[in-house]
């Protein structure tokens, strides 16, 4: 028997504007990485994590959650019941991606299938943790994109105390601020500062178009000299080609 | 031409009682982990290993095998011919899981397809090694559950000398005694001391039932506050629900 | 619009003789490893790499490419434009396997889909890198066998400067000389010195035949004692069997 | 020419009460570790750090400082000038130990000789960082106890952005709260929750007395059976000995 | 007050014959390593350990002690009181070196000053552990040579259960059998199979003599070509030199 | 008996001009690091190495030597006799620092006391290796500055084949070209591109002067706000002070 959801709370939406989200869904993480590099940002990748399911694209805004190392007295005071982790999973809203600082510690889960489901029902866009995931088969089946450092059957208390949320955190070697844009695919997970997101994605999509055209030339047998990257001569051909097929 | 199996030896069975085995087959490793934690056992996971095939459940009793580091003089005296590894694979019986101490060394295989087949024919319930596996495609095809640290084409002598068996060993950071119960799924591999197995699995299955009911509430849109874990109010609803559907 | 491939250059072929290549395609890497070990070669495996797609066999001759650590002044002078990486991918010929020394550094890609395509069109037999791969989904779809240390969205300049090619390099803990034979499957990637390749593969194939026959005996229920490896008695049976079915 | 210190600010003292501090100065970290273990606290050691100078005892209360990973845009906004690190070193008071969360990252310094001197002049009792130290020779000469993960010549901006202070942090695998008692010697650095400090140190000193007496028995040639730990018979002798020499 | 040592037990001596021991005391570990390599033994070094005090030479025969990973139920049954560690330290005899298998785990001590003193009083020749040492300052002061992976204040139970002794173990990546000869200096610790010890040390000392003479030539300004190693011409000069000063 | 040094070859000097060398001897590596960072060079540190003796300053120009992983067939052909390592140590000239690419492999020595002595006699300014050193006590006593990853008794053949020299190499995570300036102290080892060396060292020495003055202010009790780094007000005082004591 299921109980009526009399206590469901719908949080205000921090989701990205649809147009921006749609563009980010089309831009590969590798392309975003290249554009961020041009702006001097080289350390914006969340490393050491893999997607639970291949071929899944993830786009959203960061909701941060910090776990500190398990210290047995602090777990007793802060770890149980309606702790910081539970509170954050109840608070997450549509379009948000929960990013968990688990210090690269793979010796415990940092979430399981119940919380993955909770986030999914709340409309969250994804979960990223540089720690472990338990119930991994069930979590993958929930349908929410998840990137993690691996599987582990233990509850988080084996290695962590959930401490606080909605603060700047470290995850997979980079820093994430609440509201940062987070994008993930099979290449990895990247953080895009919101202020530059429109420019970055527009340039990334333009570069994808160029790279796709370059790929067709390579498929035809051309060498990459002068072609990748485009020299003046090849760039002319590319621009000419775009003029002829503007809707490609 | 195949020779008649005139030399087949059927060892006495150390397999688990069927009822207990059936319950362990239904209990996720994550659930067993949580119950063992309640009994003060937090370091019972074999870490750094992955299943060769996803979605395969493994339950059995441990048959232990220890490899020591390759020292060239000791490999000459102990490594070849009918060594400790070969003898153990010949001795394994139905329902047993061979657990190999390979010290986390991934630079060599610790078994290949011939021995995996031998164990499978003997009715072994699985193989766990914190070292490598060679002929990994063929081993996966044999049909016996295997958890390992990775693939490597080299024979074990590159890094190991098979030394002894049927003693207490270390594997993946925990300790396994002969006869310990070993359970594996996609979350990992866990060791269950036999004396507490019945209580642990019964409580794990009860908790699974509770967690499944909680999941349906979450799916209906409820927050996890008070629900996960169950407070008094939610626990009443759960118990009421169980009374109404006792065979769920 | 695609441009005519007026600038396609067909390199001279360094591909293996067809007969040798066919034999190597049938010999598992584990089998080659065992034969090389008999010749005193134990450190010929490229470690820390995994195939992008399972079940793909790779055979070819090495074309080497060395990346040195990114030093910002050297990237400025050597990293852009038609750099050592681009030049090597333009020069690769049929049957060759590009082997990249990336020092086990997984924090950047070392190639992407455009270059993977270029190599494929040129008839290269594969790519091995002990660094990362970007556009990994697209690279896997190109159709050329690739073994790498993982996925990463960043361009190589984040961690590397492409420096030189066609020299002896280190990759995954072993040494590769230009022209060395490289073979890969799900067990890993191995290097076979050309001078011994014919003997090694012939013995490996003979051993496979022996191991296959041993496996059928094991499947029939026989113990491995005296059988694996074959003692005199079992060897007689094997030789008898081969005489009866010479085309097996 | 030195300027008059017209701007020196003397912070209020958070130093330990002298009597407690004196007892902690006499209690080896190993002894405190054993007593904390008896209270169920096993994960209270700051690991991966070494003292700059051997034979130096450090006792104080924690003042915490968190560095997050260097993200180039965040370093531009938060890293320079009078940043969180500089502010904390100006704020530290007598008897306090600055504990820096540097995520075990050894590829940059986290402080140098100027700040070490500042802390020393302010009466700080020590500095602990799980990152690097630059100007290490000069820092060691300042006279303030320092425990770090190693030396590195680079400024912190190479790997970090100093972010905030006076919050709960992670350091060397354990958790430190502002005001926690921190004790260091050649065995390592340990965290003592203030509420239990008096009991823990009193029991540690009592145990030291017992262990010292045990050591004299061992020096006289006695076996450790029954002696270490003391059985009833040996305990009687010990208590008798203490009665005879109460001021030992 | 100290009690008379009525319970001191003197074990039978397993110490090396004095002449062999004296020669091993004069042979650098690097020299022994080179001679063992000539006999095909390349994996005989105990790695990851450092001497507590520089400039101390250690020679003896191995007494082995194995620690398995801490599993909380097994520590309860096997870890306390007069456990395997205590029993072995009581049993060690003159000239023996206690070698502890601690699996490279540095997160706990594996011995402290009381047991180091016990071993020293019993005439043990040294202690080697690939784990940690607590009371490290006091242990260094005891006077017995100790090689360890580092310092840690925690008792062994944090990470280990002492399990058994006088069996073949792994330590620092090699294998040690009871009775193996163990030699340590600032270069490291090496294992010498007893059967070859006389030949190995004689050849090592002869090579030291040769290397010392080579060094004097180098000091005089000669190039190493033909000199290191000695070609026929230089070997003549060396032999001539030895003939002139036979007692050097 | 020592032979006359009839075969001594004095190489041409690649040593730094004396004035530049003297300035670099006075500039701490940390200061050089800060100036290189200002020029956009952040990855110029040779990491994972420690000086054999504390308090020793090292300045010179790089002579590079590359070791590739030991592959048993290649060691047979290239590893023995007058190999690439021996040839380079014979060729090194005054003021040069031998930098060895040993891929961070600590499981073998990469030089011993005979070659350290040879380099010292030849007037080399130092040796840097990201591998091990054997005969470490003797090497430290030779008198030439050495930075290494650790001690190991084995000859280089255990893990390496010396392959070539005088080419661009990787060492400790950065890239070194022949002729690059190399500076080492207790903070680490840094690479200075020759073209910018004069400017870098002049600015580093100026900054040292400023930092020393800042330190005296801190010693007098001043806070670091506005002082470190100098704001306009404090800068005035500094410049005033320099005017009053121009020879400080």
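Read from first to last, the chains carry the letters A, B, C, D, E and F; within each, the first residue is number 1.
Everything that follows uses one rule, which is that a residue touches a chain if its C-beta (ideal position, glycine included) is under 8 Å from a C-beta of that chain, and two chains touch if they have at least 3 such contacts.
Quick caveat, the model's predicted, so the values are computed rather than measured.
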item	value
Shortest walk length in steps over touching chains, chain A through to chain F	2
Joint neighbours of chain F and chain D, given as chain labels	E
Numbering shared by both copies at the chain D-chain A contact, with half separating same from different	same
Turning angle required so that chain A lies on chain C, C-alpha fit (0 to 180°, nearest 5)	120
Inter-centroid spacing, chain F versus chain C (mean Cα positions, whole Å)	37
Centre distance in Å when chain B and chain F are each reduced to the mean of their C-alpha atoms	51
Chain centre separation (chain E, chain F; CA means) in Å	33
In chain B, residues with contacts to at least two other chains	42
Touch relationships between chains, expressed as pairs	A-B, A-C, A-D, B-C, B-E, C-F, D-E, D-F, E-F
Contact footprint of chain E on chain D as seen in their complex	28-30, 32-34, 37, 42, 45, 47, 54-55, 185-188, 190, 211, 214-226, 228-229, 237, 240-241, 244-245
For the chain D and chain A complex, residues of the former touching the latter	40-44, 68-74, 103, 161, 163-164, 168-170, 173-175, 177, 191, 193
Complex interface listing, chain F residues touching chain E	1-5, 7-9, 81-82, 86-87, 89-90, 106-107, 109, 112-115, 117-118, 121, 134-137, 151-155, 157-158
